[in-house]
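A, B, C and D are the chain letters, set down in written order, and residue numbers restart from 1 in every chain.
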Amino acid sequence: MMEKLGPDNLATLKEAVAMLVADGCSLSIGGFTINRNPMAAVHEIIRQKRRGLHLYAHSNGQGVDELVGAGCVDRIEIAYAGSGRFAPTCVRFRRAVEQGRLQVEDYSNYQMTLRFMAGAMGLPFLPTRSGLGTDILTKWGFPAALRRQDETLPDAKVITLDNPFGTWGGAAKLVLVPAINPDVTIIHVQEADRFGNARIQGLTFADIEQARAARRLLITCERLVDDEYLRHRPEHNQVSFLHTDAVVQVPWGAYPTACFNSYDYDPEYLNDYRRAAGDDSTYEKYLKEKILAVRDHFEFLAARKKKSLARLRADPATGYATGLDRR
Amino acid sequence: MMEKLGPDNLATLKEAVAMLVADGCSLSIGGFTINRNPMAAVHEIIRQKRRGLHLYAHSNGQGVDELVGAGCVDRIEIAYAGSGRFAPTCVRFRRAVEQGRLQVEDYSNYQMTLRFMAGAMGLPFLPTRSGLGTDILTKWGFPAALRRQDETLPDAKVITLDNPFGTWGGAAKLVLVPAINPDVTIIHVQEADRFGNARIQGLTFADIEQARAARRLLITCERLVDDEYLRHRPEHNQVSFLHTDAVVQVPWGAYPTACFNSYDYDPEYLNDYRRAAGDDSTYEKYLKEKILAVRDHFEFLAARKKKSLARLRADPATGYATGLDRR
Amino acid sequence: MVAERDYTDREMMAIAAARQIRNGEIVFCGTGISMLAAMAAKKISAPESTIFFETGAIDSRLDEVPLAVADSRVMYHTALNGGLADAFATMQNRFTGEQVVGILGAAQIDPFGNLNSTVIGDYARPKIRFSGSGGACDVASFVNRTIIFMQHEKRKFVNQLDYFTSPGWIDGPGGRRRLGLPGGGPAAVITNLGIMGFGETDRRMYLMAFYPGVSPEEIQQNTGFALDLSRARPCPPPTPEELETLRRHCDPQRLILG
Amino acid sequence: MVAERDYTDREMMAIAAARQIRNGEIVFCGTGISMLAAMAAKKISAPESTIFFETGAIDSRLDEVPLAVADSRVMYHTALNGGLADAFATMQNRFTGEQVVGILGAAQIDPFGNLNSTVIGDYARPKIRFSGSGGACDVASFVNRTIIFMQHEKRKFVNQLDYFTSPGWIDGPGGRRRLGLPGGGPAAVITNLGIMGFGETDRRMYLMAFYPGVSPEEIQQNTGFALDLSRARPCPPPTPEELETLRRHCDPQRLILG
């Protein structure tokens, strides 16, 4: 087990992003809508002005919308672009699609999860019964001609297969969805050690599959813990050092999305974001002032009112900020 | 959430086995070689003289050999019949196969795991790259004619498929292995509540997949715990009440196999077993005196020397009996 | 011609949906009003139902209403916290899947309960882009019974979907089976005007119930295809107990109720 | 004509195998002597190697030698305790799989390193039944490099396997690729007499090294097919340090060493 970490500070995040996330690479990020998105890393990618990314997402919400909004993403394969009540459809995503600035391929959440799982399992595809008869199978965002040319894309969006075992398993037909092996996956977790072992508290979403499918894995964590601590109850760890390339400790690294047992999402920030995102000029201002003008996640957080962060702290009894005003 | 439990005693195990395990049904048991086999339930099945079982196993070791030895099993689909150093090949299994008393279908461990996983996922099959070119694919223990007649068997042992996505994923060919949905799965865990939620400590083997694939699920547990306790850290639970039909508290329920953090395997018992199993008459004596003559698992344990159980108790620091004489 | 009421459309919808949930069912919830319906049902008529999220939470204790299916509030005090792979496998699973009722929303619905939650206009260059399927296609594909929330507008109840995201009854009896889809299709569509069902024999949408102050004709006028109105009955208004539960115990901040 | 030695065959075998393990590799271990080899390698020459079990344990701290791959001793103080599905996925995975070296044993081996661990005789009515594949077929299918332990007997080194359980180099160069198998095949066969390799150009087994007191001819006599002996060199005996590590720190109870 070799150390996967430089000094545990934000300089490392800058370096890790610079090293792992190249222009034009394929990327997937962990989290779901307004929870455990690796926002510190997302903002760092935006600050480093990465361009031409191919993003693989299921319902990764806020992180996806900010990457799309900042112009980092050319292509996206996605199941759901929304941030719950804060943005039933992600605003910058919607605008980019309607303006034809983003090539989109639509899948369902399970299909995307299975695609990551196939990548993690070293398989070219996995089957499901989801989507038979729908336009998800027949309408392709990446045309067949493009798919044949571009070797970073599978030749087909999906393939339908008659059950080769006849009626066994009660399924007559299966949808095969092609594997994803992202160049880079970034996840944010509660605890990790300097070797790259990690523990997620609460729901894991598709983070485990995304992490294990990736060629390179960057983990940001709330707390860098001793490996002895993680090894005391290794059945509670979900990612091992075998898959990890870099670990950076970034407290509040998922903010403004939530991190179970650590802090809640910030309703004020997310509402402000939705409003800003609704118009190109206010969005430019948001991007410039909130993200690009700050040096790192520490400065980004420092710009928030102390009190506004403090009231997001998770109640140890529930894992979220009980009674938080979320209007 | 409804209670899945009668009174938490061994009478319940008798009832649960009587209710769930019928002659001729298909069964899978959890554990691996000499660890966490549901031995109390296995012995109860033997005492109830179940016959004609169709057993699905990966490397479930001691439990499989005792079920086979007692004549409960007609058909078995299996990856590995061994108990580590205590029996590189399970002795009664070997004898039954060599005497033609057991119909065997061979798979690999991953193939069996994927078959349970397919069953758990509601799929007729899952793909793998394992076994291409080997006799595992081509030599069938259950002949094609039998498979076509018997609707409890898939028509093919495996099916080989050219990768429909061409070179995507780097695999030219896949082996499709058919799903398993056992009539009953039995697993033994460290902790469960009366609603059927369960937590396994240490390795999970294929227990989770086996549990979720089953039509009916029986859980035996070392400790029946309050559901509030399991719900305090629900990310550490692996089986939910949605899948569970019955829960019975059976301390030492995996004995003579090990249960991580609770007790170790019993080298003396396993060595004695191997010796007894080597000969039909000594095996009959074992079966009669050790298993059939006792009323339940409590009596079975009581017949062991107090001291011999005490020295198997797990060291809290390591989860096994540190320094145990294992010769 | 709406009579004076002491409840809002959303409250009526949440309660109408809650009444559809049967005791013992596993309730798949999306974001928003479906979550309130499931919370209310569990507190009123279906105490043994299980609230279940695609994010992997089983039997969440919803002390506060979540604002997304990934809200940390769904992770608290569950029977099991897993991930998406677990959740969808539970729905595709042959034994657990058939106990699930899925509650879905959409931008468009057709007479057979097929849904669009992806685009309006041409897929390649859409006029309006929505969030996309999320888990809706999966749930609609797998489970035995779905309940659908819609705003009742002519442009949303259409003969032909702009994009077919989630399967309902497809094109009528046998449609699902022909495609290889398991389970049943939609049982009810709950709107701000009434409740639609699907005929046993033709699997077409018909008007099952209309809310107080709404006429069947008004519902037909707001529907882009012909509805059979002959079986329509008045829907009882929310009871004071139902309203009390919804307002005080499900969404006191009115985060979803508005 | 065996010279007097202060070590046993098993000790020589364990140490010969340990020397094959490269620092940084992920070592897949089966039961028995392969576990000792991995333990010894980690303590001697490959401290950054990772011991890994098909049961789902990653980087076990083996304070005591496990007597099965499911022994609770493999669960202690690991980086991660998962299950079989995790373990095999790690080996089938395109990025982690190629870092794995698998150590396997078998009942029969052929000139291309293909293995039989299932039956002797006819499969339908075997003369001898063995344990079966376990994870061996999977490991041999997935990983980039395997090391094989065998007892060196003529009836075990055969031209034609009675049952083909685990793929080696199949029928020579390109054999694996033709079948669609990923990764490489066996790198070495370690027996009680010496070490066999596989030719770069023909993928056939040849004699790489013979132990002290064993002659190449003796090895050929115990092999059921022709071995190229021309490249054979003497294998250095275990060093005192190697023996000390193996005996004192790997298997002091001699549970595996006998």
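Throughout what follows, a contact is a pair of C-beta atoms (placed from the backbone, for glycine too) under 8 Å apart; a residue touches a chain by one contact, two chains touch by 3 or more.
As the structure is a prediction and not an experimental result, all values here were calculated from the model.
A.B. asks: Could you please state the distance in Å, as a whole number, between where the Cα atoms of chain C are centred and where those of chain D are centred?
C.D. replies: Distance between chain centres: 57 Å.
A.B. asks: So the centre of each chain is just the mean of its C-alpha atoms; given that, what is the distance between chain A and chain C in Å?
C.D. replies: Whole-Å distance between the two chain centres: 27.
A.B. asks: Take the average of all CA coordinates in chain B, do the same for chain C, and state the distance between these two points in whole angstrom.
C.D. replies: Those two chain centres are 40 Å apart.
A.B. asks: Among the residues of chain A, which are close enough to touch at least two other chains?
C.D. replies: Within chain A, the residues that touch at least two other chains are 122-123, 128-129, 163, 170-171, 174, 181, 202-204, 235.
A.B. asks: Could you pull out the residues of chain D that touch at least 2 other chains?
C.D. replies: Those would be 75, 77, 81-82, 92, 94, 142, 182.
A.B. asks: Using the contact definition from the top, classify how the chains connect: line, ring, star, complete or other.
C.D. replies: Shape = other; not a path, cycle, star or full graph.
A.B. asks: On the basis of the stated criterion, which chains touch which? Give every pair.
C.D. replies: All chain pairs meeting the touch criterion are A-B, A-C, A-D, B-C, B-D.
A.B. asks: Give every residue of chain D touching chain A within the complex, in rising order.
C.D. replies: Against chain A, the touching part of chain D is residues 24, 26, 48, 50, 58-59, 61, 75, 77-82, 89-97, 99, 142, 182.
A.B. asks: Using the touch definition from the top, list the residues of chain A that touch chain D in their complex.
C.D. replies: 1-2, 120-123, 181, 195, 197, 212, 214-215, 227, 230-232, 234-235, 237-243
A.B. asks: Could you please specify the touching residues of chain D with respect to chain B in the complex?
C.D. replies: Per the touch definition, chain D meets chain B at residues 31-32, 54-57, 63-64, 66-77, 81-85, 88, 92, 94, 118, 123-138, 141-142, 161, 163-167, 170, 175, 179-182, 253, 255-256.
A.B. asks: Which bits of chain B are touching chain D when the two form their complex?
C.D. replies: Those residues of chain B that touch chain D are 31-36, 58-59, 61, 78-86, 88-90, 93-94, 97-98, 100, 106-111, 113-114, 117, 128-136, 139, 141, 163, 170-174, 202-209, 258, 260, 264-265, 267, 314, 318-320, 322-323, 325-327.
A.B. asks: Within their complex, state which residues of chain A touch chain B.
C.D. replies: Within the complex, chain A contacts chain B at residues 118-119, 122-129, 154-156, 159, 161, 163-166, 168-171, 174, 176, 178-179, 181, 200-204, 235-236.
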